[in-house]
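Structures are listed in the sections that come next.
After this come two complexes, each holding subunit A, first together with subunit B and then together with subunit C.
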Partner chain A sequence: MAARALSKSGRFDKVYKLVIGSRSASGVSKGSLPGPYPQTPEERAAAAKKYNLRLEDYQPYPDDGKGYGDYPMLPNRSQQERDPWYSWDHPDLRRNWGESMHWDFDMYTRNRVDTSPSPVDWSTMSKTLLGYLGFMLLMFGLGEVFPMYQPVMPKQYPYNDLYLERGGDPEKQPKPVKHYEI
Partner chain B sequence: MSRYMADYKEAPLASRPKTLDPAEYFNLSPEYRRAEEERAAIRARLKRQYQMQLNNPLRKELIEDPALTRWTYARVHVLPNFKATPKTSLLGGLFGVFPLFALYFLFSSDRNKKEQQIKDGTYQRPYRLSY
Partner chain C sequence: MYMTPMMLSSSLVLTLNILLYPLLTALDPTPKKPQWASTHVKTAVSTAFFISLIPLMMFLDQGTESIMINWHWMNTSTFDINISFKFDHYSLIFTPIALFVSWSILEFASWYMHSDPYMNRFFKYLLLFLVAMIVLVTANNMFQLFIGWEGVGIMSFLLIGWWYGRSDANTAALQAVLYNRVGDIGLILSMAWMATNMNSWEIQQIFFLSKDFNMTLPLLGLILAATGKSAQFGLHPWLPSAMEGPTPVSALLHSSTMVVAGIFLLIRLHPLMENNQLALTTCLCLGALTTLFTATCALTQNDIKKIVAFSTSSQLGLMMVTIGLNQPQLAFLHICTHAFFKAMLFLCSGSIIHSLNDEQDIRKMGGLHKLMPFTSSCLTIGSLALTGTPFLAGFFSKDAIIEALNTSHLNAWALALTLIATSFTAVYSFRVVFFVTMGTPRFLPLSPINENNPAVINPIKRLAWGSIIAGLIITSNFLPLKSPVMTMPFMLKLAALFVSIIGLLSAMELAAMTSKQFKTTPTLPLHNFSNMLGFFPSTIHRLMPKLNLTLGQLMATQLLDQSWLEKSGPKGIASMQIKMSTHASDPQQGMIKTYLTIFLLTSTLAILLMLL
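This part shows the complex of A and B:
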């Protein structure tokens, strides 16, 4: 940014540089990247300022070596839960520019994990599902143990059990087959 | 259907909007109000910064988001903040070391058994090797 400004020439250049200078620091400045876990209150305050959070709101992840550093621990709420009618800077992500992103932001997008409240509570849901599954399993199991179907018999064929069609000798007299009783 | 906040029922799969949260309107302490004001001030400052950049007619480049930069940096630079504690060692051993050796022994023993069967001639091939 500075190199481009210097390479230009003319009075317009000075105005342009003034405009750049009056903006907040852009690009990666020394203290703007995440760092290690804050040990002192001053470090905490600086980290809260860095992440655009109030000092009381800033809560880093516990320092147990998992690698979070001073990144803030934000509530585990999905983007779907956020107000759809507010004028977000990025409406599809329901997020404002400069707002600290959740560590699992890519998980909490609206296409993925959703923490919105469900229509009924968990116990009702699980009871309904398990009740239905249990009932169906029970009935199918009983159906295996006690089968019930139309009574059937082996199929009866005419012409002495189709003697000629089954390749029997035409000269010989077949054994007479009687499918009835009088 | 009444239009009052008290009668508002949340949509089935949505949480209650903050503007209809009764905690925002009743029994408010000055500390809560002050906190909300501070949050609103931060939000307004960021919004102003963004809008100034967005509507700047001399801007030719993309607006970079420092929060996004910080997020990607934090997600990538996990190793510098890693410490070998009992918990992390246990997790590392359970998910990294144990499956390595377990799967090695599982696969090698299974394949050795099959190889022995082929050598003995007792292995039934499910598919033909050639026609």
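This part shows the complex of A and C:
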């Protein structure tokens, strides 16, 4: 609006054109934004070209109303799995310029979810860990039921089993309580 | 005018101010000289240490403790938040120890980090951490404690990620902050409960009012906070990952001071827990599980810093067990002695790593007792103190804890786990000493290994003295607040020593096998369990973020958009209408004659009934 106001005076026509031009040069051009699901093979080829993928590699998300459009469904592999020794354009991200980004790229960065293969497979790992935890909880439960140092007899207090301290009547004679003799 | 309280309070305030002075001067935009770190920061910490000995001596002599309320910070009509310091038995002993250890570590760091271009910033961060830790330890209200708590958490993040160009260091720093945050949920829960139910965050008032309430919920919150900060099982993976930071950081934060903050919180608020059996049992079982689990993980690690980190975690589990036994003073004693020998173990590791040109794998070390005699002997002293060798520092705390365990009425499985973990301690300590110092060198003789620099030797020497005599000094001068059990069967008394010797002998037997050639044996599943840290990081760090992030993504993009733009508007109304119309039109089969007949029949029946 400021540019339009300036341009009304006539002398600032060039400024207006510069500002308008620089506004339109920012951001992505219309052809490179994601679009609707590709129905025809030509649309598929155009979409693959748009995303810098080969036609064989390009696989869009299924069209079930979830809103993915023609965005490619890249394999769910973390950045950590990529070759650390290859000379990437962005070595910290292990990504080249212009490569199409995964839908969940923020989840698959090197600081987050890692899908690299583990020496032990997932089911063994989770079963072992859960089994270990379950075993520990079970044994803790058993340990509560059978604690260490179980007294063999009830505790015997002095002063007639603490008769007065427990609120006994000072006038009455207390009953003697003896569990064991020292 | 009584001299003692005035001297006590003024020397403690002076200590804090001496520590704050370099930080405030660092706000000055003029660039500092490269020696600023050594001349200003290290001198400040050593001066603060010597000054903090004055209140300690006064406490020893006369038993003075003090509570200072300095400033009414924020007040509503019913709730006050003040700046208040509590200088009691715990903080008066911990402050000089923390300052002594920090002094040694800062001197070591001036050698370790001397080639780092931002050494001044590094020292500034360490000093800021130290100030936050002392604020935490001397806090008399929950708010100030929380300030210190968060302060140490943030400084831990900044220092673990010191070499931020390394992606693994960033991941480790993120892990530390996220796990600590989960623990902070517990602390904030407790603080909120206390604010709403007791209307105060001052510790004295909380103790006084706690007799009227059922304190289970805030206590569980505090235990969660301690689980996060002190790396108990469930929130423990950040501690071994924190070894991505420089060795002075590991020595200061992740062995002596920051990780004990959680245990210290429980010690400080112990009177709330004394009578709550659920909280005590939780501490006991959690601590026992932690100590065994992390000791198991330490058995097969190959990175020297990771082994020491797991041993720290195991000792923290032991401290948690002690709290579960209703013995906060023994836990505090173990914190103090542990600080000395653990910091020394880290400094020795740092010295070894630097001398071997940044080699951290113990399979590539060896024969260092001839090349670095002082460092390897101090490593041995530290390991012996860690295992509880009689009459070194660790003995006084660890043996007392195991004796208290053996003579208490407690969960038998917790006792068993702790004893097994004690023997594992001997095993992995011997493994470290064997691989690092004994045998023949397994590295290339490229770097000139020497111990000529006093900046390395003097700190380790000081901490070695501490590891030997600190236990004796502390136990001789401070009476136990709870009387220990004096009589017990002979086997129970010797149990700790016995299991440690068993562990040591089995470790020596296994180590003797390393020089003989065996047939290649297949990898055992137990080795996998131990080496992959119990599969905990490999499963949880892949599952939980994936679930949470995908859920977040789906909620943000699909659930919200679909619900509010589609289902609650056009598409929702349309689908409801279609459903209703199909349900309504299904019965309409178009059988007019049947409908008319039924209508006739029912109307005739109704008229007949009315007439009758």
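The criterion applied here is as follows: the second predicted complex is superposed on the first by the 119 of 182 C-alpha atoms of A that agree within 3 Å, B and C clash if a C-alpha of one lies under 4 Å from a C-alpha of the other, contacts with A are read in each partner's own complex, and residues count from 1 in each chain.
The rule is simple: contacts are C-beta pairs under 8 Å (C-beta built on N, C-alpha and C of every residue); 3 or more make two chains touch, one makes a residue touch a chain.
This is a predicted model, so every value here is computed, not measured.
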Margin query: Per the contact definition in the header, classify A:Val113: touching subunit B only (first), subunit C only (second), both, or neither.
Written below: second
Check: Of the partners subunit B and subunit C, which touch A:Asp89 in the superposed model: first, second, both, neither?
Finding: first
Margin query: Tell me which touches more residues of subunit A here: subunit C or subunit B.
Written below: B
Margin query: Between subunit B and subunit C, whom does A:Gly67 touch in the aligned arrangement: first, second, both, or neither?
Written below: both
Margin query: Between subunit B and subunit C, whom does A:Arg54 touch in the aligned arrangement: first, second, both, or neither?
Written below: first
Note to self: With both complexes overlaid on chain A, does A:Arg44 touch subunit B (first), subunit C (second), both or neither?
What the structure shows: neither
Next item on the list: Could you say whether A:Pro34 touches subunit B, subunit C, both of them, or neither, answering first, second, both or neither?
Entry: first
Next item on the list: Mind working out whether A:Tyr149 is in touch with subunit B, subunit C, both or neither, as first, second, both or neither?
Entry: second
Next item on the list: Determine where on subunit A the residues touched by subunit B overlap those touched by subunit C, and list them.
Entry: 66-67, 114, 118-119
Notebook entry, point to check: What residues of subunit C sit close enough to touch subunit A in their complex?
Noted result: 165, 167, 170-171, 174, 281, 285, 289, 407-416, 525, 528-529, 532, 534-536, 538-539, 541-542, 545-546, 549-550, 553, 557-558, 561-562
Next item on the list: Could you please specify the touching residues of subunit B with respect to subunit A in the complex?
Entry: 10, 12-15, 17-19, 35, 38-39, 42-43, 46-47, 49-50, 52-53, 56, 58, 63-71, 73-75, 77-85, 87-88
Notebook entry, point to check: Which of the residues in subunit A end up touching subunit C in this complex?
Noted result: 66-67, 92, 104, 106-107, 110-115, 118-120, 122, 125-126, 128-129, 132, 136, 139-140, 142-144, 146-151
Notebook entry, point to check: Along subunit A, where are the residues that touch subunit B in the complex?
Noted result: 16, 19, 23-24, 26-28, 32-34, 36-37, 50-54, 56-57, 64-69, 71, 77, 80-81, 83, 85, 89, 96-101, 103, 105, 114, 116-119
